[in-house]
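Next come the structures, one after another.
What follows is a pair of complexes built around chain A, which joins chain B in one and chain C in the other.
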Partner chain A sequence: MSVAQTQTGTPQVQQERRRRGLSDRAIISLFIWPTLILLIAWNVFPLFYSLFLSFTDYSAISRQAPTWVGVQNYIDILSSDRLWGYFSTTGRYTVVAVGFETILGFTLAMLIKEKFRGSGLITTLILIPMMLSPVVVGLFWKLMYNPTFGYFNYLLGFTDPTRAPDMLAGRFANQPVPDLALWSVVLVDIWMWTPFLMLLSLSGLKAIPEYLYEAAVIDRASSWFQFWRITLPQVMPLLLIGVLFRTIDALKSFDLVMGMTSGGPGDQTELIAVNLYRQAFLGQFRTGDASALAYIILIIIISVSNLLIRAINQGNTEG
Partner chain B sequence: MRKHLLPLSLIMILAMLFSACVPAAPAQPVAEAPAEEAPAVEEGPAVDELNILWAQWDPADYLQQTADLYEEETGIKVNVVQEPWPSFYDLFAAEVAAGGDTWDMVVGDSQWIGQMTSEGHYMDLTDFLNETGLADSVVPATLTYYGEYPAGSGSYWAYPTEGDADGWGYRKDLFEDPDEMAAFEAEYGYPLDVPETYEQFMDIAKFFTRPSEGLYGVGIYTKKAYDAITMGVENTMFPWGADWKDENNNVLGVVNSPEAVAALEYYKELYDCCQGPGLSDAFFTEVNDAMINGSIAMAMNYFAFFPALVNSGTNPDYYDKIGFFANPKGPDGHGGAALGGQGLSVVSHVSPERQQAALDFIEWFGQDDIQAKWAEFGGYTTNSKVFESEEFLNATPYNRAFADTMTFVKDFWNIPIFGQLLEITQREFGKYIIEGEGTAQEAMDTIAEEHDKILRDAGYITE
Partner chain C sequence: MLIPIFVMMMTAFKTRAEVVSVPPKVFFEPSLEGFVFLLTERAVVPPNRIEEFERAAAEGNLTMFEQVAFDSGQEITGPSDYIRRLMNSVIIAGLSTLISVVLGFFAAYAFSRFTIPGENDILFFILSTRMLPAVVVTIPLFLMYRQLGLHDTHIGMILLYTVFNLSFSVWLLKGFIDEIPREYEEAALVDGYTRMQTVFKIVLPQAMTGIAATTVFCLIFAWNEYAFALMLTSNTARTAPPSIATMLGRGGIEWSAIAAGSLGFLIPVVIVVFLLRDYLVRGVTFGAVRK
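Moving on, here comes the complex of A and B:
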């Protein structure tokens, strides 16, 4: 090939180049790169930048460059009894809420799995709570819990507010009841998210092949045996996925609690995500500390999720 | 080589973004630079629109009404942008932290001033306020609390705009009912009237607490969010002669003084005996709502929220039956009340032209006749002449109580780390008052110890 040919190119080469310019690979790159850059800018970069900030003394409001402090923020958090208390509250909140949601959701799914008159309507009504905004749910239940005019006490049979529970104040008949406010919020979480577990369980139940039950009936297996050896194992993978989603969500619960109690009274409903917000904003703007706390929460959530995913995979392998 | 291109590109992009996001050095106060001699513009003003950020409440509407007069006079449109209270601070803080110039001015809370000036977000208004005479035109206490930082420095960062403080609304139909008056006098031995002392206040609160009738003595602040319960407790601390600090910023022995402990015990007793039900997480909205639905006899609130109580639209049943009084005196005759209110500051990140336009607006706004208009619309002027005029005092049922209150107001810390100090008081007050955990002495000791540590770490206490 001569030099002149290389510089200008023959019509055949030019045609080849043009074709190469419109190649699939080029089009793929054209579409992927802008998306990738946006993803990096909005997701990956903040993730790494906040990781960097977690090792610094920095306030987002200060307009001062971050000062490197190494792992000091992490040491401060891990050696703070108060923050461990918030983790403990979050753990109790998560275990109780997700536990009840799983049991109730599965039970409800068992009850409505068979088609009956109005079952579609009932299923839809049951699903309404999870479709509502948590802030709206929080305010709605705040009114429901009102000891004077709220329906909650009325349904419990209390008509005298001085002798009734004041759920969000953590009091019963004006006497403090430990953690009553926390369990009041948990109850709302259960009310809101049980339908989610029910929905997953229902789809699992409906996917069980009928011939398994027919075979069991032929073998004269009891109802309990059928439930224990057919129903539960078949639904378990979907149920565990539901538990996984809800656990992740409950570990970072924020809007429901803020709407109902703002983390109070005292520290009774101060979940770790609420405290994270308090450190990051609300006059404090301790961005470095808050970033470190956010990463600790992230690590905990990843660890718990991994345990659950392992359980799901184990179930699938055994299945 | 090609296979290394993708990771290499990613690293480069991350590095570029990283370096772009490292905060710039604090901006130099632009206001102090001599104004450039701009060529005369004949077509009209260089800035034809200004934006003020404020919280979403009635006074912001009044400010917009006043600002509309400025547009009529000068052709410069002034927009009062309103943001709900819960996100007001976060929104503004995030904006100025990024050096943003969305708003030319902000009517910022008194507690913010230390933080905002230390970080260079507010323009220094000292010379402007002195040279224009605006510094002398306002009630001195308001200039100190809303405009000055550090305290006693003579440096001003805001024009005192909305004076405010905690006061009380009460049900006149109950207080002036002959049967109630007779029953009260028979039980307590003195006539039922607006309480002048907190001792009388407790008697009245207990007297009107009748769960069987759905009536309770008081509605007081209890919310954990931001500063609510702290502002409520302050209303007893200050009249008891207690404070957050001494003149050297010492807190040990001050915050946990016997007076402060007694004041906190009083507040808890008030909550236990007489707080309206469902008000365990209450701030201005919840307290006003309780007053409007007729379930409480006396309501603690900032004066700026009282218009809703005398408005027939928002309070159809009791709008003409509500009276107001200033915070009662403590056991030793001390007066005191929690300060509210805000000053108007110019954001230092906007261009010099916009800063000048903002200053022009403030100079216009601070005139006596405009302040009279501002008060007429419903704003709580800080202008001395208007503030003391009979016209202002009689303009609303609450202005006289407001004027009385402004003579003895005090504030929480307004230093840059006020948020950290606030977090502790909110938590400890909530624990003791609402949860009923521990004693008042323990709560105040914890606050004193934790405040002391934070203040020492930040260099406010050195010895």
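Moving on, here comes the complex of A and C:
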């Protein structure tokens, strides 16, 4: 889409461009290469080294050199029902968390987009959950959720610990509730990351030129129409970039869950990245298997991101 | 939404016994125990010195810190690492944010305004640098850093977080710069501005909302990063998140110390965000003509 846009412009401008053609090229290099060089230098070795390790039987703590096992690691992973279960848990986690974060974030942004007294302060306050380290957030919500001395149950009106939900243990009045633990972690993820999408939506909303609405009012467009035809499409590109980054991070989210449940109870909150951490660092230090699993996660993330990027590009050409 | 934050603030001012009281206390007498525990290293007072301390306390010769520590049967042996860790976080997160926003802005401008061969592929490569789970990247990074002598150095962590944030900063800023109409720059170019002048005088001011938002996000990511910091630093360059987490170990969970530490850790970012708030809520100014 940028191709078409760059070539438009008045003939005068194009003439100007030609005269400066060389310096434009120099500027492109000057602007892009520092970024690319850093990214290449920091990523190529880790990427290829872990790709190599994924085809080997290797443990980071053993003194033995990696031994080549071909695609065995991949076969083991893809034929393991347990791991497919973790993938599905991760999928549900991501869809629910990112979905709610997007809707809530956008709604919040709509609510505070008009400048009013203290809007800067309110914005800062809303952003606070995001500013905390996930490790700290995990710890604190563990304290909040504590069935005896936590505030969560207390505020919900459960004063008797024996009859109250024990969120992270996945039990309500001592009866196990399936997935309760997973959704309690998702709730924290939503609490923490809704501000991220709120701020992006807010920046997008702020950038919508007033005259679009003025024109709509002259045309007597309903506010519903204005929302669907002006607000949403204008915010969409930025909102989708936010969703893209949240999805990538949610698919590999790990420190929050690790801090709160370490995957438990049983394997209710065992996200794929949590399992990856276990394989890579706990017990056997199964570096080879972990690398293979990481590559499978990478492939999944690449496919999901591609779908989202397609949506972003579509939004750009329409907009 | 802010209830957990209030809980954290309250916890920071509670004593150990109050944190675990049932039902949770909303009203209590604030105590500095958490902060004292956070900022000091302590040891149990040996029995033969208890009298000495009691006498000093009776005469009012103990400092406030010593008094609080003594109330829980401990004496202060020295300052803790907390302030040093916090300073490391400030240096590392601050500089890496600065670099990634500056580099990201230029790259985003180039991607937004020029036709670059293989543009979409390059952009996807930039994004892909964020996709591999950190847990797996840390092992090769650890080896690489040890070879290069970057392990546990400030510069190593600054570059690492810069790289980590670049993908985000390029993508987000490109999103913002795409929204700024080209007509301004074209007009300026016709008027005889050089390309560099248009970048600094036309695009930069218009992109301030985007730059502020990107800065906030990059800062927050770098400030809070835990996994890399845990693996790639040990002492000199260790940041605050891993050290807050290690407070867990010492004789049960010292909730008030952790809360105090988190609070101290939160304040610098809140200040930065608060300083940038006007840009965040300002929106694009001077009535830009947009497509």
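As a convention for this text, the second predicted complex is superposed on the first by the 277 of 319 C-alpha atoms of A that agree within 3 Å, B and C clash if a C-alpha of one lies under 4 Å from a C-alpha of the other, contacts with A are read in each partner's own complex, and residues count from 1 in each chain.
As a convention for this text, a residue touches a chain if its C-beta (ideal position, glycine included) is under 8 Å from a C-beta of that chain, and two chains touch if they have at least 3 such contacts.
This is a predicted model, so every value here is computed, not measured.
Colleague: So in the superposed three-chain picture, is A:F140 touching just chain B, just chain C, both, or none of them (first/second/both/neither)?
Modeller: A:F140 sits against chain C, while chain B stays out of touch.
Colleague: State whether chain B or chain C is in contact with more residues of chain A in the superposed arrangement.
Modeller: The larger set of chain A residues in touch belongs to C.
Colleague: After the superposition on A, what does A:G266 contact: first (chain B), second (chain C), both or neither?
Modeller: The answer is first: A:G266 touches chain B but not chain C.
Colleague: Is A:F172 touching anything from chain B or chain C once the two structures are fitted on A? First, second, both or neither.
Modeller: After superposing on A, A:F172 lies clear of both chain B and chain C.
Colleague: For A:A290 in the superposed arrangement: first (chain B), second (chain C), both or neither?
Modeller: second
Colleague: Touch check for A:T148: first (chain B), second (chain C), both, or neither?
Modeller: A:T148 contacts both chain B and chain C.
Colleague: Of the two partner chains, chain B (first) and chain C (second), which one does A:F281 touch, if any: first, second, both, or neither?
Modeller: Touch partners of A:F281: chain B and chain C.
Colleague: Figure out whether A:A207 sits in contact with chain B (first) or chain C (second), or with both, or with neither.
Modeller: Touch status of A:A207: second partner only.
Colleague: Would you check which partner chain A:I248 touches, where first means chain B only, second means chain C only, and both and neither mean what they say?
Modeller: second
Colleague: Given the touch rule stated above, what does A:Y74 touch, chain B (first), chain C (second), both, or neither?
Modeller: A:Y74: touches no partner chain.
Colleague: Can you list the residues of chain A that meet both chain B and chain C?
Modeller: 45, 49, 60, 148-150, 161, 281
Colleague: Which of the residues in chain A end up touching chain C in this complex?
Modeller: Residues 2-3, 5-7, 9-10, 12-13, 16-17, 20, 23-24, 27-28, 30-32, 34-36, 38-39, 42-43, 45-47, 49-50, 53, 60, 112, 115, 119-121, 123-136, 139-141, 143-144, 148-151, 154-155, 159, 161, 191, 196, 199-200, 202-203, 205-207, 209-210, 237-238, 241, 244-245, 248, 252, 254-255, 259, 273, 276-277, 280-281, 287, 290-291, 294, 297-298, 301-302, 305, 309, 316 of chain A touch chain C in their complex.
Colleague: Within their complex, state which residues of chain B touch chain A.
Modeller: Chain B residues touching chain A: 10, 13-14, 17-18, 21-27, 89-90, 93-94, 96-97, 99, 111, 115, 119-121, 211-212, 214, 222-226, 272, 276-278, 280-281, 295, 418-420, 422-423, 426-428, 430-437.
Colleague: Once bound in the complex, which stretches of chain A touch chain B?
Modeller: 37, 40-41, 44-45, 48-49, 52, 60-66, 142, 145-150, 160-162, 166, 168-171, 174-176, 258, 260-268, 270, 278, 281-286
Colleague: Spell out the part of chain C that touches chain A in their complex, as residue ranges.
Modeller: Residues in contact with chain A: 1-5, 7-8, 11, 19-24, 103-104, 106-107, 109-116, 119, 122, 124-137, 139-141, 143-144, 159-160, 162-163, 166-168, 170-172, 175-176, 178-179, 182, 186, 189-190, 194-196, 209-210, 213, 216-217, 220, 223-224, 226-227, 240-241, 244-245, 248, 255, 258-259, 262, 265-266, 269-270, 273-274, 277-278, 280-284, 287-290.
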